[in-house]
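What follows is a single structure, written as structure tokens, with notes after it.
Each chain gets a letter, A, B, C and D, in the order it is written, and its residues are counted from 1.
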């Protein structure tokens, strides 16, 4: 692996300096953050226009109309798109003709609204109604007769475990869940997995049994709770009646379910956000770079130097700001 | 040797197949050919040495247009012989029906039922020898084209073809060493079949039902409002706060910031946000407060500017409209968040309104807004960001409340009718679910999968 | 004319977009794809309007020396640089440079005896070359590699992105010596040296750090807002703590029940609420979409002034 | 001035102290590792099983003997910490099975990242024989056009994903990222749309990503899809996993750490997961402390009124 050129090493230094500038926003809004912010916005705008031209305008317009690569659509149709674009430009440039701009906007807004109606009707509404209107009875998987993919879905199970179970039951049907879990052909790791997943609330014992038609009591309760939560939350979104009396009670229960859901989602996100900060620390400490390069970048040293520089800069800026404020107060006399 | 063998394949077609084979779909009349077109019967040329014992061919060949097809597919089904070997593949050939071959006299596979099997001849197969080795989809064999070579023992195939009429021949081929073909069965023939594009996808009736039901309810309630019936809707604190906080911003002489979310016009939440922006602009025009609109996509900025202009025009203050206050920041998530944080900290707006779809940066905007003491009203249907808005903002419109905000702000009868329609459908949906659960649990009938395939 | 025609255009395209979903016919599908291309073109070309808007907003602030005008200069300059660097300038200059190959006049008897050929590669020290699958780092000095006679492919490339790799096909007979010179040229445009450098060292660190700020804001929001003022807030708080303990590996260390509780919280109440919001939002979205298509709500069609 | 009651002082607690504590909580554990085991959750195991179920074949075999997998890399530099560890683990898992890989992305920030990933993990072996700390099967460098193809980036959000579902070649204008025509690449024969792949792996940090794939193509043609997402999108995608529209879901850094343990090659995910614990504790402490301040403040106001 050849050595990293100097230009890139300086690049990493600039990257670390910008990282500290952005972090200084936590202290307060300061010149270093403003610099990083405007630099970041400028670069991103340039990046976007280059990409949009390369990916949308060039192939779809220049390519389609001038090089005749219009896939499917005849290039005449593509000219209409050009006309719509011009009308949109006229709206911004020539205020007097700005009503022309309404044609492309009307097309875009209505067309996308139409597409979204069906996409939402199918994936959000139809699919969710279909799955909510399902059977709430939770029947335990019968280890002796269930197909392979039902066995895979069991807690602690996997593709390999499932095939082994099928082979085992062919020789000798299972007598109990314990019997199935301790069969010889399972490896120690698989046995540990299965053992770890036992439990009659949501564990293996709740989901699986020997013999047909056994019900998972906690599963049924959970399904009922889910249905109750769903219906009461829907009542919360009901606009036509004031939330008082019985309706008020149900919608209050609905809000509680929503709040538990939001709390769970918040708790999940905390973990995600922290891992971002960890990732950032990794980059600055040079752990996501080839070790040979990391030695030449000296990430931690540059980070400390940047922190010192920016801290001093902010201190200076604050003293000057206080002095200016002081002068203004002084010049205006004791206000 | 194998070259001749394959050429023989398409000739060794049981000529009588058309008569014997019952065409399950509409019985296409076999058009007897006028005499002059029938090929001159010639003694079969000496031809290839004796062929290996023929394989058992496929039976019950059926080609039909699949349901809800877009007019470019055929569903081909056949049954293979029971004892067919592992090394036997099924080759499906197709040919456009009715296309008279340029040079050769038009021979038909469906000629009269003379007993002697037709042997392959140059006029019939056309000048170019077929590629014997790797027979792959799309190869030409005389006038015939290989639709697919099924090596995995499949017995069904969906063939994609340009619209038109086609004939199909399905043949079993035994592959010898080095991908050559050592034996071939008699070909089962079927045709002509025409592609049909269906005009309605029956699988999606459930979804069409939803859309028509909601449209019907909207129409019904709009008609109700035309009859002057007052519609009651419960209070929505988030929306009441909008008008109060705009008033508060006017008193404090600080601007109102409106962020239209991080999605293009492609997303319905952005469209809803822009509709609300129009009504908010009307209010800021009345109260004569500065309105700053931060947009993520340029196209959204263009529509936002048009909507704000309309708001100011409705309030009769078109002169006060400043188009440069509709900003396109940038279309990069965190550069946008940095830019809007900058606006929040430096312009110090008294009201921050975040309507539309937001992602990770929602918490950054909300926390920055909190430090400046602004009243923050958020509204989105993004499930992942609602917890942040609920914790960090003063008021939050959850999911459907965002779409209802326009109606609440304007209290316009037609928009209130929309709310009533949504409520009516909600009752229907709840009933559907409860009935569905009851039926499914009782094991009587699965309502869900029946309605929504 | 100014308002009614766009309204009808909206209704027409809106209804087509709704109907298209239910009609499998391939012509309808092709037409719908074509309209999608139009919308994509409109969205993309609007970016130019975006650039114009940024200029319209920042240029007056610079001219009038408003506070922070220096930063607006930084914004415009960096955007301009990124745009310029994004254009493929290298296509304008001299045609693509190919590596030069020189053959030694006399065959090398000793090599011929062993039935081998030799290829010497002379490249700078930051160029790596690959001969017949084996790659090595250039050292500025000639490097000799023995190869089997016949056609040999020599690939020269630079480790850092932004340079176009060069390949030379050299046919050498037994005993023949060939020297290959080459210098992978720097390219401009989207995969260009400067564009990728700016992306790697300015764009992505700033982007990653702004995202990482959320780790701090999550803590301050947790401190400020998760206060058990009422039952709802208490439930929000309890669910968040359970989820945090349950999902983190530490939670499993505390007790095996926690991950199951966290998973149950995710599967039952959270899903129930989630589905309700999804369905409610979907109903609202469809109603809004229909309002726009049927022209009940027209604020996006602007005024007649 | 009487000593200010401690609870009143607490009310004016500056939240920037919390930032400092979080900064320490993130940086310090990086130098003093904890080494807690990462136990994969059921959804991550389901994703692992989906890849494990793919047929494995020899280095020179061709489909249909080899599995063909479509990998959509939709992330930006900011979200790599959570998802990149999963990407590296799943690519090692796929390469062990010599699956043919087709890469694409719908995020415009992703192309430079995808090129770096291709250089580091595809064209080079991730875990050649004898890598320490890894006893699984070794993987080999992949050859462009034979073992993998990079289709590059296409903008258009849901609309372009819908195009992938119906006409993948047309959506990429019949060209790979480096310009070679798709119909000249043998491994893509017979592949015209997403349903022609054996598995679809969605490395998705947000929008467009796994949700759009489910919305626009998943439900329509019943595709086998597994997805990795940031922890925040877990609750967004969990319903799709429950309904089977996604057959596996690797959520956040904890998910990536779990997948790494399943593949048998601990990496950045596992190391990061350690640090997660401390960070989580800080947030929980902040919540508890916030409540202490709240209840103390309320008691102080009530005491203020009565006395």
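Here are a few things to note about the model shown:
To be clear about the criterion, a residue touches a chain if its C-beta (ideal position, glycine included) is under 8 Å from a C-beta of that chain, and two chains touch if they have at least 3 such contacts.
Predicted model, so just to flag it, every value in this text is computed and none were measured.
Where touching is counted per the definition, the chains common to chain B and chain C are A, D. Steps from chain C to chain D, taking the shortest chain of touch contacts, total 1. The interface with the greater number of C-beta contacts, when B-D is set against A-D, is A-D.
Taking the mean of the C-alpha atoms as each chain's centre, chain B and chain D sit 26 Å apart.
Between chain A and chain D, the centres computed from C-alpha atoms are 9 Å apart. Inter-chain spacing, taken between the CA centroids of chain A and chain C, is 16 Å. Distance between chain centres (mean CA atoms), chain A to chain B: 23 Å.
Among the residues of chain A, those in touch with two or more other chains are 22, 25-26, 34, 36-37, 40-41, 43-45, 47-48, 51-52, 55-56, 72, 88, 92, 101-102, 105, 108-109, 112-113, 115-118, 120-122, 124-125, 127-129, 131-132, 196, 227, 230-231, 234, 237, 258, 261-266, 268-271, 273-274, 276-277, 279-280. Among the residues of chain C, those touching two or more other chains are numbered 18, 21-22, 29, 33, 39-40, 42-44, 46-50, 54, 68, 190, 199-200, 203-208, 210-218, 220, 222, 224-226, 236-237, 240-241, 244, 247-248, 263, 266-267, 270-271, 274-275, 277-281, 283, 285-286, 288-290, 292, 300-302, 304. Counting only residues that touch two or more partner chains, chain B has 204, 207, 210-211, 264-266, 268, 271, 299, 302-303, 306, 331-335, 338, 346, 360, 363, 383-384, 386-388, 390-391, 398-401, 404, 419, 422, 426, 429. Contact residues on chain A toward chain B in their complex (touch as defined above): 22, 25, 29, 34, 36-37, 40-41, 43-45, 47-48, 88, 91-92, 101-102, 105, 108-109, 112-113, 115-118, 120-122, 125-127, 129-137, 227, 230-231, 234, 237-243, 258, 262-263, 265-266, 269, 273.
The touching residues of chain B, counted against chain D in their complex, run 136-137, 151-152, 160, 263-264, 266, 332-334, 357, 359-360, 382-384.
Chain contact summary for the complex, chain B toward chain A: residues 204, 206-207, 210-211, 231-236, 264-268, 271, 299, 302-303, 306, 329-332, 334-335, 338-339, 341-342, 345-346, 363, 383-384, 386-388, 390-391, 398-401, 404, 419-420, 422-423, 426, 429-430, 432-437, 440-441, 443, 446-449, 451-452. For chain C in complex with chain D, the residues that touch the partner chain are 29, 33, 36, 39-40, 44, 161, 190-191, 196, 199-200, 203-205, 207-208, 210-212, 215-216, 218-220, 222-229, 237, 240-241, 244-245, 247-250, 252-253, 259, 263, 266-267, 270-271, 274-275, 278.
Residues 16, 19, 22, 26-27, 30, 39, 42, 45-46, 48-49, 52-53, 78-82, 108-109, 153-156, 158-159, 170, 173-174, 214-216, 219-220, 230-232, 234-235, 239, 242-243, 245, 251-254, 268, 272, 275-276, 279-280, 283 of chain D touch chain A in their complex.
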